[in-house]
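Each of the next two complexes has chain A plus one more chain, namely chain B in the first and chain C in the second.
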Partner chain A sequence: MQKSMKRYFPIFVLPTLAAFTVAFLYPFIIGIYLSFTEFTTVKDASWVGISNYKKIFMDRNFINALIFTVKFTIVSVVSINTLGFLLAYVLTRGIKGTNLFRTVFFMPNLIGGIVLGYVWQLLLNGILARFGVTLSFSAKYGFWGLVILMNWQLIGYMMIIYIAGLQNVPGEMIEAARIDGATRFQILKQIMIPMVMPSFTICLFLTLTNSFKLFDQNLALTAGGPGRQTSMLALDIYSTFYGRVGWEGVGQAKATVFFLMVAVISLTQLTLTRRKEVEN
Partner chain B sequence: MKLKKLAVLTLAAAMAAGTLVGCASNKKTETTGAEQKTEAAETTTAKAGDTAEAKGQIYYLNFKPEVADIWVELAGKYTEETGVPMKVQTAAAGTYEQTLKSEVAKKEPPTLFQINGPIGYKSWAKYCKDLKDSTIYSHLVDKDMAVKDGDGVYGIPYVVEGYGIIYNDAIMKKYFALDGAKAKSMEEINNFASLKAVAEDMQARKADLGIEGVFASTSFAPGEDWRWQTHLANLPVYYEYKDDNVSDKDVLDFKYADNYKNIFDLYINNSCTDPKMVGAKTVEDSMAEFALGKVAMVQNGNWGWGQVSGVDGNTVKEEDVKFLPIYTGVNGEEKQGLCIGTENFFSINSQAKEEDQQASLDFLEWLFTSNTGKDYVTNKLGFIAPFDTFAANEKPTDPLAKEIDRYMNNKDLYSVSWNFTSFPSQTFKDNFGASLLEYAQGGKDWKAVVDDMKADWANEKAMTK
Partner chain C sequence: MSRKGRNFETQQMEVGKTTGAILTAVLAVLSLTFLFPIILVLMNSFKSKLFISDAPFQLPKAGTYVGLTNYVEGIRKTGLFPAFGRSLFITVASVAVIILFTSMTAWFLTRVKSVFTNILYYVFVFAMIVPFQMVMFTMSKTANDLYLNSMYGLVLLYLGFGAGQAVFLFCGFVKAIPLEIEEAAMIDGCSPVQTYFHVVFPMLRPTAVTVAILNAMWIWNDYLLPSLILPQEKGTIPMVIQNLKGGYGSIDMGAMMAMLVLAIFPIIVFYLSCQKYIIKGVAAGAVKG
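And now, the complex of A and B:
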């Protein structure tokens, strides 16, 4: 079995590898190259060294976007995972209609970001209209709007992953703990949470990276308004690229820096949570 | 055991992640009709040898979504008449630069595209063919309108457009008939003071007039603020350039800022929408309010006719749709006409194949000189074409185009040229728009708006040097 796996390894891996190279690796490398050039289209680049990287901080937009993104990520990672886990916990208790609830909670996840953004824009503006304001009235409305949207979209998905984890906690273990006199909270804290640590790793990873590199929802819901105040990093890169003649390279340089940030943050998170995982 | 589970979960996660990101909207409207025709043309000519190669082919990237279907039809017609394959693609509203950037990098790039003036030329200079010897340039009535650089001509305007305040004559007549009206006819409204007096009086008596406000919503939804940060902002810039006798400035004094404030305040304070709510309004909302007779006036250009006539339950009669110049309280503005100009310039891709460039030139010539082509331009695309091949009777017949004609032919009036083609960058416009929105909502005082605008202008001009 192992031997034949090894023999056929190249054949099975080839299609994916080819797709990965064409659609990801190649553009990625070109992207890094372009960040050191000045260009209008990807074909007519001329080398300018690191001047694009120096320009990144010439306007305050990048820093503002970074601060906004970090705030947003912290709030949404905490809220999505807390709510997702709570839902999963409740829906593994054997309540009537569990399957229906699970389906309903998962569904928002199937709708694309742009559509969601516009739908929520209508909804939130409709509610805010009662107070005589709109989403673009102040950055804090945009911020909480994004948090609500993101929660609504991702909670169900995280819930499914947590449910899978919770269902794998052996019943004997919980029963044994109960016989030993553990309270419900103790069971949750001492047994369940350590046992579903792999799920936490994945969920934290997904929410962290998805929040950090959020684009569609941001573009559709607030488009950065008012001004650039609710513009997140990805949207800021996009508007740098298209906002000024000759600044395409700067947008590209921002994208490279952005990539490094996402990589460092998510790798740190992965190592940290992996350490907490236990064997069962 | 743990590994396996993790692997399963990761796979599931990866699959679901696809649904999270799988929402890239298709920004381009593929024009399959034309493509099918193109393919058909290719297959027929392939049998006859390489004649199609020699003739070249045309790929036009269209800027105006409102006439996308007509362009496709036109391309089919051209292929039918001449056998030259032509493909048209339309970029969705507000995404032209993005689409062009990616299309030009492809193996079969657009051969014919458009730039929006000197600033657009700056970014596409490497791709713009010199058109000073072209037939189409020789037909251009006003050679100053073209985008030039040194001796070369790189962009040829193909449509003349105008904007001002569109008003509903039926509502105005109703007002003039009221007791104590501030004016008795439109002729009496010929400067800012009279416009303000009438607008404020109308707003006060809106119940009598059966309207919800004088002006339509000052739209400020994301991407919907161009009527203010670009079009309205053109007026103060125009007067400043005129005073200094220049066509561009690195540092703007914005000395007509108060005039801008005059008209902007009038718009937001006498509207059907509370100034705090304008952040959610779109241009389409404003045009619909006008079409449904809820408001008497809306600032927009002749391209907006389609949006007025296309609204369900439209109550505005064609003969009641008229233009009024945008008065801002500048001395001598009684003689001011509409803002006339263009930001649509045809350019030929100098990096496309030689025969394709020629084919595109031939197409332009056909479009603006042949009878079929001219018929499409005036009657279907609704363009006022700036070429001498069009006779006086070959003009679009929609009410706003007729109004533009009326103003342009009135020798007593001067037109305001479109100077916003020299605005430093999209970022500048966006920032100014954001400032205006904050001002409208009461979150920023006017002095800050002016200071930020001036600082931004200088800054953006320096950064894009």
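And now, the complex of A and C:
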């Protein structure tokens, strides 16, 4: 079968591979090369070695964006996963209205980041107006605004994944534990959480990467203001490319560093949480 | 799955009646909190633009109610309806193309074992963890050189960007299909193309639904890629919303509220009409990376 199939490579693989090469593979490889050059239109690149990378770490905007992004990611990942799991746990207890609640909590996830950003801008500015300030008054407001927005958007998504995980816990196992006299909390801690580890792995991955790479919500809610204080990494890279002539090479170097960070963080997380998963 | 679900709910840790009622009440309040931002936008979309930023929590009343003015004004200003058409075309065409081509690729990569197909598979998986910013600049220049600055070009680019995750998901499923069925079809004289469309593709349907939902959610809401590829005046819905914010950060709040409502409305209708598939698809798409 393999032999007869091989000839069909152009039909089965080529269309995908061609699009993949144009959209991703070629730009990725050229991107790495360009991060070591100075250029404005890609074609006029001249080699400058690692000077772009040196510039990054002297760029206060980038350092600030990095710190902001890391803080934001930690707070978001912890809060979204805690609340998402809590909701999933409650919504698998067979209480009234479960389906309706599930529907409502998941809904924000379908609305795009740009639209969400402006929806929350209205609400948060409305609340802050009572204290005579706006979101762009202080980076603190922008930070917590983004955290709230992100929670609102992703809690329901994670809840769905945790529910799927919780429903896969075999009923007999819990029954057996209960007959042996385990309390509700013991069952949760000793059986459910270990059994739900695969869901935890994927939820952690999704929240971690989505928070770290956040762009649309950031652009719409604060646009980085005040000044550049609430610019996250993705937005900072964008502004470097399109807002600062002559800095395209630095932008590409920032993007490369950004890519390496995302890769290291997500691979480390996957290996660490995988190790905790139990066979089932 | 549904059997397991019932099993879980009936046998296990159900809560007592009083606790259940309290939890229902708490969750009802929480649900309202979740819906509140959207209701707030809806309410403000009927108010004069001068009364939105200052007092968003006030209901529209005689002096502030402006009927559909914001909607009329917003649609005129933004060209929301053509943008809706473009968003719809781009999303539907991209999802169709992604499902067709990546499932074919995944089948080939799983069935034909060689060093090359193996490497290709890992390159696709690798693409999943690369953030868009890494290729943003070089990709938009490449697209420009290849005359891809149109809706049709955008569909091709979405196939390229969506390929990583879609190939990965389809490969996971193809591995579980017994080889014998396909071999039987080939012995009966089917070519690989016939075998694929008559035998394999119908079996891939559950995964195809998952891939369709995940990609539709992403492409419909995507802002950055279309904004780099399409001309400003021929944008998608997220572009139109973002463009409402004029220079120096000034926004016509009335038009903004109305356009937000019109942007959210179709999503909610779509969600409520096929939420069963959406929720299932999202849960199924959450396989370990």
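The rule is short, and it goes like this: the second predicted complex is superposed on the first by the 257 of 280 C-alpha atoms of A that agree within 3 Å, B and C clash if a C-alpha of one lies under 4 Å from a C-alpha of the other, contacts with A are read in each partner's own complex, and residues count from 1 in each chain.
Simple rule for what comes next: contacts are C-beta pairs under 8 Å (C-beta built on N, C-alpha and C of every residue); 3 or more make two chains touch, one makes a residue touch a chain.
Just so it is clear, the structure is predicted and the values come from calculations on it, not from any experiment.
When the shared chain is aligned, chain B and chain C each come close enough to touch A:112. In the overlay built on the shared chain, the residue A:275 is in contact with neither chain B nor chain C. When the shared chain is aligned, chain B comes close enough to touch A:137, but chain C does not. In the superposition on chain A, A:92 contacts chain C only, with no contact to chain B. By the touch criterion stated above, A:60 is placed in contact with neither chain B nor chain C. Residue by residue along chain A, chain B and chain C are tallied for touches, and C comes out ahead.
Contacts of A:42 after superposition on the shared chain: both chain B and chain C are touched. In the superposition on chain A, contact is made by A:247 with chain B only, not with chain C.
Judged by the touch definition given at the top, the superposed model places A:210 against chain B, while chain C stays out of reach.
The intersection of chain A residues touching chain B with those touching chain C, taken from the two complexes, comprises 41-42, 109-115, 125, 129, 157, 160-161, 164, 168, 198-199, 202, 206, 216, 223, 225, 248. Residues of chain A that touch chain C in their complex: 1-2, 4-6, 8-9, 11-13, 15-17, 19-28, 30-31, 34, 41-42, 90-97, 100-115, 118-120, 122-123, 125-126, 129, 152, 156-157, 160-161, 163-164, 166-169, 171, 174-175, 184, 187, 198-199, 201-203, 205-206, 209, 213, 215-216, 219-220, 223, 225, 233-234, 237-238, 241, 248, 251-252, 255-256, 258-259, 262-263, 266-267, 270, 274. Listed in rising order, the residues of chain C touching chain A in the complex are 1, 4-5, 7-15, 20-21, 23-24, 27-28, 30-31, 34-38, 40-41, 44, 52-57, 101-102, 104-105, 107-109, 111-113, 120, 123-124, 127, 129-139, 141-143, 146, 148, 156-161, 163-164, 167, 179, 182-183, 186, 191-193, 196, 217, 220-224, 237-238, 241-242, 249, 253, 256-257, 260, 263-264, 267-268, 271-272, 275, 278-279, 282-283, 286-289.
Note for the complex: chain A touches chain B at residues 40-44, 58, 109-115, 125, 129, 132-138, 153, 157, 160-161, 164-165, 168, 198-199, 202, 206, 210, 216, 222-228, 239, 242-248, 277, 279-280. If you check the complex, the residues on chain B that touch chain A are 1-2, 5-6, 9-10, 12-13, 16-17, 19-23, 25, 97-98, 101-102, 104-105, 119, 122-124, 126-127, 220-223, 274, 276-280, 425-427, 430-431, 434-435, 437-438, 441, 443, 460, 463-464.
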